[in-house]
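Chain nomenclature is as follows: A, B, C and D, assigned in order of appearance, with residue numbering initiated at 1 for each chain independently.
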Amino acid sequence: MEATLLDPRMFRIVAAAMALAAFVGLNALVLVYLERKIAGHVQRRPGPFEVGPHGLLQPLADALKLIGKQLFRPAGADALLFWMAPVVSFIPVLPLFLPIPFDPDLVAMHVEPGLLLILAFTGINVLALCMAGWGSNNKWSLLGASRAVAQSVAYEIPLLMALLAVTFMHGSLNLSEIVEAQGAWPWQWNAFIQPVAFIVYFTCAVAETNRAPFDLPEAESELTAGFHTEYSGMGFGLFFLAEYANMIVVCAVATALFLGGWQGPFFSGWWWFLAKTYALLMVIIWFRWTYPRVRFDQLLNINWKWLLPLSMVNLMVTALVMKLF
Amino acid sequence: MDSVFHQEPFRGDYYTRRFEPGPDDSTLILNMGPQHPSTHGVLRVVVELEGEYILRAEPVLGYLHRMHEKMGETRSYLQYMPNMGRVDYLHPLAWNHAYVCAVEKLGNIEVPRRAEFIRVITSELNRISSHLLWWGAYLLDLGAFTPIMYAFEERERIQDLLQEPTGSRLTYSFFRPGGVAADLSPEFLQGVREFIPYMRSRLPMYKDLVTDNIILRYRCEEVGELPLDMARRYGASGPVLRASGMAYDVRRAEPYSVYPELEFATPVSQRTDAMGRYKVRLAEIEESLKILEQAVEMIPEGEILVKGAPKPRWKAPAGEVYQAVEGARGKIGVHILSAGSAQPYRIKLRAPGFSNLSLFAELAKGTLLSDAVSILGSLDLVIPEIDR
Amino acid sequence: MTPAWLKGLSALRTEAHQRESTGLAWSVFIGPDQILEAAVRLDGEGYFLEDVSGLDATEGFLVTYHFDHWQRPGRVALRVLLTREAPILPSISGVFGGAEWHERECRDFFGVQFEGNPNPGALLLPADFEIHPLCKEAGERKPLRELLTQGEVIASAEGFDLFAPAEEPAAPPDDAADSGTPEEED
Amino acid sequence: MQAIRRKLKDITNLWSMVKGLKVTGGQFLKPQVTVHYPRQEVANLASFRGPLQLVAKPKDPAKPKCIACLMCVSVCPSGCLTVLKAKPPKPTPEEEAAARAALEAGEKPAKKPAPKEPSRFIYDYSLCSLCGLCAENCPVGSLSYSENIYLTATDAKAFKLDLLADLRARAGAAPPAGEE
């Protein structure tokens, strides 16, 4: 079967990619604003206030500033790796959104093993951090990158296992099917049927997206800015965008797998999906403005000594229960 | 590899050359600072890392050196007052206190009782504000962004209070040889009375948000353990020493001002680690509140500046005097040698942070980089004071 | 009365002070070769080092070590007089680790060399800075007897005449009249 | 056993994370405490040490109490004050004639004394450390702190303040004749 440019499926993909790029950009802006506003109010200050009413246009101003800034490469940096890294960090974010079902019909691409696609593409991000850290010719970046690699590789395993438990239950990797298999009411959601998997997944998701308290690759009080120390302008901007986009993805996946997706007790639809995703995002933001940062060896200990055994036990129990009943 | 960075002015300075890796250079030489987020100002620490473990660490000082001791030799006794506000900008009133006490000893000047109480009240308020800022900044080092904002809420109230008599919010130059520059108003005393229960009501929140937090506990407990003997060899003082189990407080050991009349405990911790230092400082806030509580009730009416207090062209009698004072960071010492002229012949400032930082090199050996940041924070360093 | 650490130390002059007047308890003049021994003795007694400070006086550099004790507060000032030509002193950083920085600071400000300091470079001043800012001009220097408050003399070695009344023309006469000698101290 | 007990303790200690969230969540819902600067301003400036200003004579709001004794200049540790004493006023033609007559008569002409007031009072705020020694030691209390705390400029020269002009501006008086 030959796909030509005029193939309707091709059109759909291109249109979906553009829509998704817009969606990612818009949501990243909203998230940046939310983060700063929440941080402000948690700290009893107004947060951004001057650009636009209640600082609404502040993220836009930030984006403009980042775009306008000079791109700067330190002497001795590997030009190829250095410039590829932000791109490699950002590009895989778009395919991540393809199989996410916002609505029974609102899916960019119906992919049967959708979950697999997401897991495959999230793995690329760590490569970008590694490239950025190595290519910057900066010791802080290098330390940040080495932390990022160890952390991402470690946390991907329990994350996978937690998801696997859910897919065992439903016998599917298709997100839409998993959503439909859950009911409309909270007690029918997987978060309540598989609470351990949900907690493990959510913890790993925070770690995978390098968010506080697991933000070690950029730990600014230790490594100045970690892997993106040397990036300015849009080089930094793309990393920033990718971080927020990744946050949206992990929360969207959590919504689909654990919180019943678009289904709600009433008026089911994409707004439910968005509301649940944003609720999770806000929890992640709330974490950041509450907790201190864990230490690196403790971070790995949490993973290998707690999350991994927990998720394995959970997986085995799930498998046993599925087999028996 | 003969790029421009390997030729002369880029070859590194005295310190980096000392840290030149050996033949098997599997270690990483890292310059933390002078512009590093967790070195509080402009401290520079050169570290040699094996992975993330520190093999060697050496603080490099002098980036904020202003030669206060030389300035002292060129200024009259009164003119040196603003310098005292700028040595340690977090607890300037303790330096004010040490200096004026030294000058008073030198010139045999009586201080009115009301002035002594004013000094104690303002100085203790200042100590609380210094500990609050340390608390916030330490948590910032450990990656928690919010506590510093809560600490500043209280700190702002203290500064609003202190602003009224002292006229400044940071670099106070308020004490004068023979008294203080301004009287406390009844509104100020009322403000302090109201502040004490408010501050006490905030402390449980600190405990819930931070002290009990399991992440923080794992970042502080058993990190940077400072045995008492090591503390002695380096001359550590203040909360750093008291967290190693020695109840040594200059206010008790070498009583000055009206501290002997006030009841307060010297908080001690036997933990010896960063958590011990943390807990001692929080306990000191409570003790300072106790002092304030008593002092605002005991303060008598009267003069605030003794008659015949040193005038601008005052000449001190010849002689030597050493005055120690308990600052928020430890033992502050002012050593004045006078030859009988209007300027001191020599003035030596003993900064507690200087001694407290000097033990960092030994303390950081073998720890993780993150632990080093935690240790550095737990020592409560104010770089201008260390560099002077 | 005389503390144990002081006994057997061949001090040049020992003075007991009142804390209320000078803040010191003991002021002990010793020779440069004695400082290490004195430090070891004080270490054995549980003293800690407060600071090391220099002073540029007519007679030369006076390096003062301040020690204090946690349980038995009472400041001890060990004083070593060095000639201006050879301001060299053994380092006590092997005994008190904290002395390293204090000694380096003293080196920065006065140019006093501490032999055996593990890291004798500049501390607060730039490494290539060859000016010692606290050294005084020849005419500005004052003799020690005009600067130091004298306490109760416990012992004084033969030939130690720092505090003898001024007879030699070390200080200009108008200077001496201006400042006066401290006499009211007990 | 010890290890297990420790692990169990770790699990119970996880509750502290929830407590932390409760604190920040509670603070999130409380009103803000910051002073929202351009919309709000702080009010407690009565005793704040702002930049110096001259205190006017009670009778003439455009003239300072200053007697040009230069005490403030000598006491200032930063050397931020420059005060010039006023010169004796130019004699009028009649006075000049009288002086000449006196001189011819062999007498000492009666010189008019210089008025005890400053002709220039320059204050370099960029050097000032606001220690308060000048104001405290002024024998006539001619210096006080202003509430001009929002003083900003992009050039250090802008902080060389002419306090006499400032006093006149506050009094609403025109600059004296002969001064450009």
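Everything that follows uses one rule, which is that a residue touches a chain if its C-beta (ideal position, glycine included) is under 8 Å from a C-beta of that chain, and two chains touch if they have at least 3 such contacts.
These numbers were taken from a predicted model, which means no experiment stands behind them.
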Of all the chains, which has the CA centre nearest the overall CA centre?
B
When A-D and B-C are ranked by contacting C-beta pairs, first place goes to B-C
Express in whole angstrom the distance between the two chain centres, defined as the mean CA positions of chain C and chain D.
43
Taking the mean of the CA coordinates per chain, how far is chain A from chain D in Å?
55
Centre to centre, by mean C-alpha position, how many angstrom separate chain A and chain C?
65
Cα centre of chain B to Cα centre of chain C, whole Å, reads 26
Residue ranges of chain B touching at least 2 other chains are 146, 150, 153, 209-210, 213, 215
Going by the contact rule already set, what residues in chain C reach two or more other chains?
none
For chain D, jot down the residues that touch at least 2 other chains.
17, 20, 23-24, 27, 33
Could you please write down every pair of chains that are in touch?
A-B, A-D, B-C, B-D
List the residues on chain A that touch chain B in their complex, please.
39, 42-45, 75-76, 139-140, 142-143, 212-213, 215, 219-224, 288-298
For the chain B and chain A complex, residues of the former touching the latter:
3-5, 28, 30, 36-38, 49, 52, 139-146, 149-150, 153, 209-210, 213, 215-216, 218-219, 368-371, 373
Of all residues in chain A, which touch chain D in the complex?
38, 41-46, 49, 286-287, 289-291
Would you tell me which residues of chain D are touching chain B in their complex?
10, 13-14, 16-17, 19-20, 22-24, 27, 33, 44, 46-49, 71, 74-78, 129-133, 136-137, 145
So in the complex, the part of chain C that touches chain B is made up of which residues?
19-24, 43, 46, 48-51, 53, 55-56, 64, 66, 68, 70, 73, 75, 77, 95-98, 100-102, 109, 121-127, 133-134, 142, 146-149, 178-182, 185
